[in-house]
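Labels for the chains are A, B, C and D, by order of writing; each one numbers its residues from 1.
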Amino acid sequence: MYDDSMPAEGTAGDSEPRQYRHGFRNDYSEGAHPRLLQALAQASTQQNRGYGLDRHSRRAAELIRAHVCRDDVDVHLLVGGTQTNLVALAAFLRPHQAAIAAGSGHIATHETGAIEATGHKVLTVPTDDGKLTPAAIAPLLDGHGSEHMVQPRLVYVSDSTELGTIYTRAELQALSQYCRQRGLLLYLDGARIGSALTATGNDLTLADIATLTDAFYIGGTKNGALVGEALVIVDDALKADMRYLVKQRGAMLAKGMVLGTQFTALFEDGLFFELARHANLMAARLREGLARLGVGFLVDSPSNQIFPLLPAAVVERLEALYAFERWQALPDGRVAIRLVTSWATPQAAVDGFLADAQALAAIAAPAPRADATAAMEH
Amino acid sequence: MYDDSMPAEGTAGDSEPRQYRHGFRNDYSEGAHPRLLQALAQASTQQNRGYGLDRHSRRAAELIRAHVCRDDVDVHLLVGGTQTNLVALAAFLRPHQAAIAAGSGHIATHETGAIEATGHKVLTVPTDDGKLTPAAIAPLLDGHGSEHMVQPRLVYVSDSTELGTIYTRAELQALSQYCRQRGLLLYLDGARIGSALTATGNDLTLADIATLTDAFYIGGTKNGALVGEALVIVDDALKADMRYLVKQRGAMLAKGMVLGTQFTALFEDGLFFELARHANLMAARLREGLARLGVGFLVDSPSNQIFPLLPAAVVERLEALYAFERWQALPDGRVAIRLVTSWATPQAAVDGFLADAQALAAIAAPAPRADATAAMEH
Amino acid sequence: MYDDSMPAEGTAGDSEPRQYRHGFRNDYSEGAHPRLLQALAQASTQQNRGYGLDRHSRRAAELIRAHVCRDDVDVHLLVGGTQTNLVALAAFLRPHQAAIAAGSGHIATHETGAIEATGHKVLTVPTDDGKLTPAAIAPLLDGHGSEHMVQPRLVYVSDSTELGTIYTRAELQALSQYCRQRGLLLYLDGARIGSALTATGNDLTLADIATLTDAFYIGGTKNGALVGEALVIVDDALKADMRYLVKQRGAMLAKGMVLGTQFTALFEDGLFFELARHANLMAARLREGLARLGVGFLVDSPSNQIFPLLPAAVVERLEALYAFERWQALPDGRVAIRLVTSWATPQAAVDGFLADAQALAAIAAPAPRADATAAMEH
Amino acid sequence: MYDDSMPAEGTAGDSEPRQYRHGFRNDYSEGAHPRLLQALAQASTQQNRGYGLDRHSRRAAELIRAHVCRDDVDVHLLVGGTQTNLVALAAFLRPHQAAIAAGSGHIATHETGAIEATGHKVLTVPTDDGKLTPAAIAPLLDGHGSEHMVQPRLVYVSDSTELGTIYTRAELQALSQYCRQRGLLLYLDGARIGSALTATGNDLTLADIATLTDAFYIGGTKNGALVGEALVIVDDALKADMRYLVKQRGAMLAKGMVLGTQFTALFEDGLFFELARHANLMAARLREGLARLGVGFLVDSPSNQIFPLLPAAVVERLEALYAFERWQALPDGRVAIRLVTSWATPQAAVDGFLADAQALAAIAAPAPRADATAAMEH
């Protein structure tokens, strides 16, 4: 049962907690997979070195190096996505240098100016699907060339993107090659890299990413961990003194084993990919079920986030039963909602949602229309 | 068995892991108390609101408000101490304003310039025991009065201090009164507030602290939690928009329940104080045992950190058996070491350390001296 | 004779200095008006208090207060525009707060991320003419409402704008009222306020601006001074400790009289407006002359910056004779260039430019076309 | 006649302007030397490129390169000392890196936390005379070695120091060698380098400084210019993109010729050194005159700042006649005052001060003492 709580300290918000049949609001509603909790409990009885120097963090780094097929990358286990982005970008950029992101990029929109708070501008490029391309970046670069403007230095991409879309190997290769030609660093935000790498149509691997980018992170929080993102630094020039920079931003856990144990559990036996596959499967079931009802989608996203377009009246009724986000209102009266599945989403919840959607669509349909499908197409 | 691991990424360090009889290096070597792990596991099966809006975080805040005897304080659950300090101070200070800390203060020494990285100078005052007083602060204030110097605005104290000393109620009252007279905010770093409040000689309560300071934090990490510090904001003028500031510094957990469950478990049945009392008891046993061996101490610290003065030769031999920090070399050849106990320190480890210290002191003693005790007094 | 020098240190650029008939590149090519230089020379023989506490700076502040018809505003004399913007915005905003600017706004484009370097995001709104309106700002505000995004707090406008357009009193009133309703500060960048206030169609006064904004600055550099911008703080809540913030950003001149003397000379006898009127007159002469040749304009700008649309071939030939900036290439093959006049622009230079433009247009015109005018209309 | 004005905006201060016989408060009370003003006036009639790309700035850079006997240094003309320090240090340091300064160092005390506002800690070393040595720095370096503390990276020295003392060639060589051994950059604040290089006992040249440091600046403001400091970057690794960093901090003048003309005038015919020599001569005359009266000094300073120790009663009476700063009260009742001479100090003012000091000392002397000299020795 999803608990939609009272507002937190200092937050204006709805004053009543609400109970839903299920929450599709995000992929961090549930806690950690039992194997991670078990690893944590076991390590809790030991004494471990502090600040990430413990055996578990070392072991996790080794496993990640094995998965990216490179001995020479540095791995730093951090707590959350915004933290990882700000630690990395503030470490990689000189004060006058800027990051380039899609207009929908997380650092550009939903991190409360975390990158700017470290002194750096985030330049944005409009996209339809959240993905950057050399062609999209080129005009921005061409418009920056003197000391009166910031110096674009790092390209930020996320895979999967904020719109659930994913990069193909060819796309990431093209971007990587372009970045190298133009003297740009390529950084990949992998908050949902598990879902991306196990999505239908994906042909990228962690090893590819470690070849094509200068740095990236592997998201644990949204794929079965309590907390945890593994920052992988590929480019030698970016490695120096990173632990200072992690510590300075308040990102170095005293009990680093909290991260080490969880990443070890995720990467020891392929659990990371297994959990992501489940989330994708549940999203696919939702997507296909809704498509069968005639529902269209804002964007074609093969990962664990989908954006169905529903009549406003249907959305309103669904909101009484399920927790999810409204994404965008369309001029035709439909509303794009965001449904997110997770490693823990029960198939029954998906099926329940589909049944409810079908029923509500029927109710919401104007009288003369015979079937829910048609009504929902608008 | 304490594991002293290989160095982390990008760290120069000893190349071999080492095994010790026990570690007294710090109070964050062990993980979380089983009741916290159990609470985490239980909450992991639910769906919870993200970003600290969940029922567990709310419940933890209520429990903390009950413990500080004030309905009107804001509680924000954060991850670690450096993070909490930088989020709070960066939120409370305008750009030209500075914090005042003891020369040994954590923000002044061991946070890699985290406060400066948010733009603020940390002014320091020399102390013998890590504690600030109005008399110690006054000359600094008198020396700052024009726009050519930073404006001192916030007094940072820690209880217990970095030297294991604690504030009495009278001392904190005097400081609080002075701060209000001089237009200074008073902020208390409570990374080890559990140990301080349960130490012999303490007469402060959380309620006192919430009366005397403008903001403070209650440390979970060093008292039985995996991660977690509870920032309590007392002063209404400091409350506005704090969630923005938490988010901006990468300090807002997607799975806020990780913090909420742990603080609930700590404060529901007095576990927080029970764990701290155990750590203090073990430190007292060490202190008394060493004193019986004639060992002196750098400072009289009643909490879970003690600083015995041992001959360098004894320290060297102890280092082969136990993990701990060298703190300071004295001109007379003795070395102050730091021994830290925790909620999880076994009494057997303490007794083992005392026995080993006695035996090593005997060996290290120069021939003509009959007893270890005398040798160690130097 | 305009000197287009060699590149500066660390700058790639054309390797040969070039001589032009005249420069219309900007309004800061010439130095200071003789009366300002004379005031400087005279004050140079005195001893004056440092750091802006001198009699000249005081006198300038008094004159400015008289011109804005308010005794209660604070006046700070600073050196340049980017400096003034960054000092002011960093002083006025808390860390999570952002400024809103037109997409063409100076702080958004041509200050090398100076505002971001102080930690604040600059949000932009697209405009055609560089002017902000409540309607343009509203969607941005509506899209910002949670702690996951920055908090819009200050609206930045410039008058005249980067496109030479100006605000009417009604427009600024509407914006001011809207800002107050929405809890936003209104800040006006007056780098070219002299030109704006003396432009055809202007109905604003300095007194109006001091009523409608929370803070603004009066630009000296682009209107006859060597250096100097006068920041006027209207809103009491923004005044505290400003001298600390000025000093901290390296913006407090040891010899503050350098600014005080110049602003006194500018505002003692109306020289400020006289110089601006001359610049506008020269721009109007250029505008009318080009219009007579059939030239169109990118935007209808009544101040000292105009943006004629000329065939690329004409632009290229003009570039051999005159220094100016290419602004934008149009799809139809025309190029918008920027011509800027100043307090020192000789009428002969304007007339020379018009004659050359007419002659070049004739040459550039395709054979069958009879007149230059027609050719240039494209 | 020195004018001690009313307080500036937002400044608490003495409410009455005061007239003094002369001001020895600092070396920036007077404006610019006539030759600089003339150069400015002449260049004001030309059109010049903006932003430091003009012929005068180029010429000044060439002259400075000639004076430092190196073709390969980059020269950037900036406005003031705090600005130059913050631009340079923020450009040279990564976020976790700190500067080391004497406890009396300008960046540590009188720049309102300007360096910290760019994110960097300033570590201080106590000194008696304001000068750093390898021996003074070594303990600080030894105490910093892990990622929990900032990384010392740059040594900041000033010549002359804040106490008027100067470095010998041997001293600067020793420091330079030490810095290179320990991986530290050496930066010299030359706000008063003119006075230092022309002081009795000096054996350094600008060429030496360009050999021994990584970067330094040549102060114009305190040696006859209206504004202006010439930052010289020697170390190739520090040169990249400096113009971006200058612009970003609001330090790039639109009318760069303001700086170029003045530095050209200072360095074309040795005026820079001539002016500094005059200031030193006047300080020497003061020093010798006071010494003849039996006055002692806080520190032995051969440059244009001296710190005589006078009985408090004498200081109080002198304050009615002359503007100067009280520096430090001694336990024996004497007060160290700071007297600063400049390029423009008239000999008559010095002689007047000496005569007044002698007369006041006689009055202030206790009855039984026969001569002023004895009284002032205390």
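Quick note on the criterion: a residue touches a chain if its C-beta (ideal position, glycine included) is under 8 Å from a C-beta of that chain, and two chains touch if they have at least 3 such contacts.
Just so it is clear, the model here is predicted, and its values are computed rather than measured.
The interface at A-B recurs elsewhere; of C-D, B-C or A-C, the pair that shares more than half of its residue-numbered contact pairs is C-D. The most distant chain from subunit D is A, comparing centres defined as mean Cα coordinates.
Centre-to-centre separation of subunit C and subunit D, using mean CA positions: 34 Å. One finds 53 Å separating the Cα centroids of subunit A and subunit D. Taking each chain's centre as the average of its CA atoms, subunit B and subunit D sit 42 Å apart. Among the residues of subunit D, those in touch with two or more other chains are 11, 51, 95-96, 111-113, 117-119, 147-148, 150, 241, 243-244, 247-248, 252.
Within the complex formed with subunit D, the residues of subunit B that make contact are 11, 95-96, 98, 109-113, 116-122, 147-150. Contact residues of subunit B toward subunit C in the complex are 51, 90-91, 94-96, 118-119, 147-148, 150-151, 241, 243-248, 252.
On subunit B, the positions that touch subunit A within their shared complex are 1-11, 13, 17, 22-23, 25-26, 28-32, 34, 37, 40-41, 43-55, 57-58, 61, 74-76, 79-87, 111-114, 117, 221-222, 226-227, 239-244, 247-255, 257-258, 323.
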